[in-house]
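Next come two complexes built around chain A: one with chain B, the other with chain C.
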Partner chain A sequence: MGALAIKNVTKSFGDTHILKGINIDIEAGEFLILVGPSGCGKSTLMNIIAGLEQATSGEVHIADRVVNNVAPKDRDIAMVFQSYALYPTMNVRQNIAFGMETRGVPKAEQNEIINRVAKMLQMDHLLDRKPSALSGGQRQRVAMGRALARDPKLFLFDEPLSNLDAKLRVEMRVEIKQLHQRLKTTIVYVTHDQIEAMTLGDKIAVMKDGVIQQFGSPQDIYERPANLFVASFIGSPSMNFIPCHLVQQGEQIGVTLQGNGVPQFIALSDRAELKDRVGQKVILGVRPEQWDVEQSEHALQCAVKITEPTGPDTMVYSEVNGVEMIARVHPRAATAAGTSLSLILDVKKAVVFDPETELRIA
Partner chain B sequence: MSTPNAHYGFAERWLPRLVLAPSFLLTLVFLYGFIAWNGYLSFTNSRLLPNYEWAGLVQYATLFENERWWVAVRNLGIFAVLFIGGAMAIGITLAILLDQKVRGEGAIRTLYLYPMALSFVVTGTAWKWMLNPGLGLEKLMHDWGFTSFTFDWLVNSEMSIYTVVIAGLWQSSGFVMALFLAGLRGVDDSIIKAAQIDGATLPRIYWKIILPALRPVVFSTLMILSHIAIKSFDLVMALTGGGPGFSSDLPATYMYSMAFTRGQTGLGAASAMMMLATVAAIVVPYLYSELRKDSHG
Partner chain C sequence: MANSEKFWRFALYGALLFAAAYYLLPLYVMLTTSVKSVEEIRVGNLLSLPMAVTFDAWSKAWSTACTGVSCNGLSGYFWNSVQMVIPAVAISTMLGAINGYVLSKWRFRGSEIVFAMILFGVFMPFQVLLLPMAQTLGMFGMANTTAGLVFVHVVCGTASTTLFFRNYYVGIPDELIKAARLDGAGFWRIFWRIILPMSTPIIMVTLIWQFTQIWNDFLFGVVFASGDAQPITVGLNNLANTSTSVKEYNVDMAAALIAALPTILVYVFAGKYFVRGLTAGAVKG
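On to the complex of A and B.
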């Protein structure tokens, strides 16, 4: 059963087109992430799903029902906001009960639900406090509790962790994931943080300028980004984009890379898509961790400019084909700035983009 | 070693006091001094000129037996309840409507706020013309052919106090609206969205969530409006002059006519003390609770 389907949804204000034909389809129980830089339209899309804004054209289906003209309260959804949006004059219990009161849930059942939710989120001791007496993390918990009390078909999270400090954000991220695994509900989650997107999502929709750039599983998006934007947005540090020419050497098609030593030919010949592009300019996309330090005659010699130890890995900055290149290497293998490093590329994982269309070609 | 410091400290200590002294002195003499003087006069038999011979509570006794005083007190009750309640209701309604992201909000806001720029005397005079049966609304309706239309509250001693209420509301509702609009703008938008998803109707959202959150604004507005109501003087003087007869007198106009036109200074002083007591009864508990809250952080 489809939990949420968005069909050709557009949104315009006069000549400003915020959303330009969005199509998304997810199954019940899936965790959908809408991710993109600010101004990409992800929050507008969220508001349209919630019914807080009207789509200019297109259809929104929740649980196989067209909800375009259904009021937010009748869409069977619950939403958690970035600013938590707790009702300031009510204590936690009243905050959770407010929606149920409005829907006319009997008092006894309300109490039962409140107690169950409070236990689930370990906030029994907070029930009689006002939001102003809670910390950021506790407010976030209450906001989630308020959503859980509704037991909706669809949960909407609008950048829920953005106002928390780094440590708490990681904790709450894990907690949200646990909650999802336990409750098996369908979740739509808006974020601008690609790490949240990768760690939480079953499906990710990467958005930019009101268009979905790529829709797929996190691993799919990470390994086979549809275009340069997705490749650079997902992953930290970002993917390296190395301009090069596609050349043929004997039977092999490949690219030539040069650091500060002899140019090295790197064969990409198992990819049929590249055959008719020999001689053209392409962009080779290499993730920092796809480099390995190894002494060999095929290794690429690079001058180390800066090293950034992060603990488990060390980022090595150098230059290849005239552009900056970052390699993530084992701390013991990294050498000091000013020295030279031999790097081997994991060719199978590298991707190739067309510099004109910016789309991935192989 | 300590001498230059001490010298510097002397100027530091005395300069603020020196600068504040004139206004402190003026306030002391012309505010608290005159309150005390007025308080003393209310216990004397002063007529046209002050008479400092102690006469006890005789002026208060006269005041409480005076029918005109009770008319003024009753009028103040009517005026205060309708004026404060009405201005709050109209102001809050306008603010909520303006908060719905209407087009041309800036212009509308200015329009509603403009009456506040006029003095009560101008408001009173303008409304006197509009409500005058021979000049204003009633004449207009008659000229349009609705000859059975009557609106003579201004000259009707039963209804004249209500014309004061109308003019007061016209003047102050926009001000209340501006106060509440500022408060509403401070409310997080997503709270309204959350309540919408929770299924609350717009009136319920405002009544149960937003207005309770604006409690401080409600209290300050109540304070401002009630002291405007109690000391209302110019509006009545310009609009009805307290008439017809003394049917629209308020304590302030009563005090004025006793003290300055009828040569009953002692009686005027006693009525002024009653007004002071009324204001104090409202302001002191409010200040007390506010200041106490501050010191508790």
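On to the complex of A and C.
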């Protein structure tokens, strides 16, 4: 059963096109992430799903029902906002009860629900406090509690962790994931943070300029990005983009990489898509962790410019084919700036882009 | 270093004290004069303390002083003003709150233009209103009545109250409205349950502002009210201009203090909200 389906949704203000034909379909219980840089239209899309804004064209289905002309309150959804949007003059209990009161839920049932939600989020002791007497994390929790009290078909989270400090953000991220696993409700989650997107989502829609660039599972998007934008947006540090020429050496098709030593030929022959592109320019996409330090005659010699130890790994900055390249290596394998490092590429995981269309070709 | 700091501190407090004394001096003169007898005023010094305190001037100003031909004091005018100021302040504040709520949280096509036009009302000199308003009041049959004065003050006050509330509500995050809409609340429910309870500081500012404006108004009072409906500002003017054989400064001063007392009391009791409301920034929730 489809929990949420968005069909050809567009949104324009005069000549400004915010959304240009969005199509998304997710199953009940899935965790959908809308991710993209600011201004990509993800929040607008969220507001259209919530019914706070009207789509210019297209349809929104929630639980197999077209909701284009259904008021927000009748869509059976609940939303958690970036600013939490707690009613400042009401205490936590009243904040949670407000929606139920409006819907005419009997008082006894209200109390039951409030107590259940408070227990679930471990905030029993906060029920009589005003939002101003709560910390950022507690406010976030109350906002989630308010949404949970609704027991909706669909949860909407609009950048809910952006206002928290780094440590709390990680904690709340885990908590949201646990909550989702426990409740098995469908969630749509807007964020600009690619780590949140990767860690939380069952499905990710990467957006830019009102267009979905790629829609798929986190691993799929990470390993097989549809284009240069997705490849650079997802993953930190970003994927390395190395400009190359596709050449033929004997039976083999491949690219040549050069650091500060002998040029090395990297065979890409198992990729049928590249056969008729020999001689053309391509961009080789390599994630930092796809390099390994190894002494071998096939290793690429690179001059180390900077090293950034992060603890578990060390980022090594060097130059390949005239562009900056980052390799994530074991701290013991990293050598100091000014020295040379032998790197081996895990070629099976590397991807190839067309420099003109910016699309992945292999 | 420490010495020069001390010097400037003294200089600062000295300047502040001087300014305070400068502005309080008229009030002091009014108060002392109002409790002196006419004889004492004639022989004494303007700044000297009264030798014998008497409230005769106060009771005369309240109930027997002559304002033109009638000699019933200011009490009638005072109650006229009360009857005018309470509904006028309440209605204009309420309208301002609703207007501000619509213009900040329920924007519609052209709402900015509507706001700009309302803003125009804040800067318009009220003298230009006199003739058209007189005609309007005549048409409605409200000329020379307290209801007519209330109407005029509501019309003229709503521009400023709308400005106050609109600017305050712009600072309230829109997400609050969105959350309430998802909770199923409509226009009025959001207003009564979410917005109005957050508005205490700006309501206080508006109440003080409107009360002072309307209570102290002389122009509309003298033009649009006559006889039984005249407000206290007109009564005070009549009292001070009614010539008697001896100029009774003590009665004039007592009358002026009676006329000023309500606004002074409002400032004393709600003044802290005034400053707080004017400086209140965005509401953090």
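Assume the second predicted complex is superposed on the first by the 362 of 362 C-alpha atoms of A that agree within 3 Å, B and C clash if a C-alpha of one lies under 4 Å from a C-alpha of the other, contacts with A are read in each partner's own complex, and residues count from 1 in each chain.
The criterion applied here is as follows: a residue touches a chain if its C-beta (ideal position, glycine included) is under 8 Å from a C-beta of that chain, and two chains touch if they have at least 3 such contacts.
Note that this is a predicted model, so its numbers are computed, not measured.
In this overlay on chain A, chain B clashes with chain C. Touch criterion not met for A:Val352: it reaches neither chain B nor chain C. By the touch criterion stated above, A:Pro131 is placed in contact with chain C alone, chain B being left untouched. In the superposed pair of complexes, A:Thr89 makes contact with chain B and with chain C alike.
Under the contact criterion defined above, the residues of chain A that touch both chain B in one complex and chain C in the other are 47, 50, 52, 72-73, 77-79, 81-83, 85-90, 98-99, 102-103, 146. Listing the residues of chain B that touch chain A in their complex gives 188, 190-191, 193-200, 204, 208-209, 212-213, 215. The touching residues of chain C, when paired with chain A in their complex, are 173, 175-176, 178-185, 189, 193-194, 197-198, 283-285. Residues of chain A touching chain B in their complex: 47, 50-52, 72-74, 77-79, 81-83, 85-90, 98-99, 102-103, 146, 158. Taken together, the chain A residues at the contact with chain C in this complex read 47, 50, 52, 72-73, 77-79, 81-90, 98-99, 102-103, 131-132, 139, 146.
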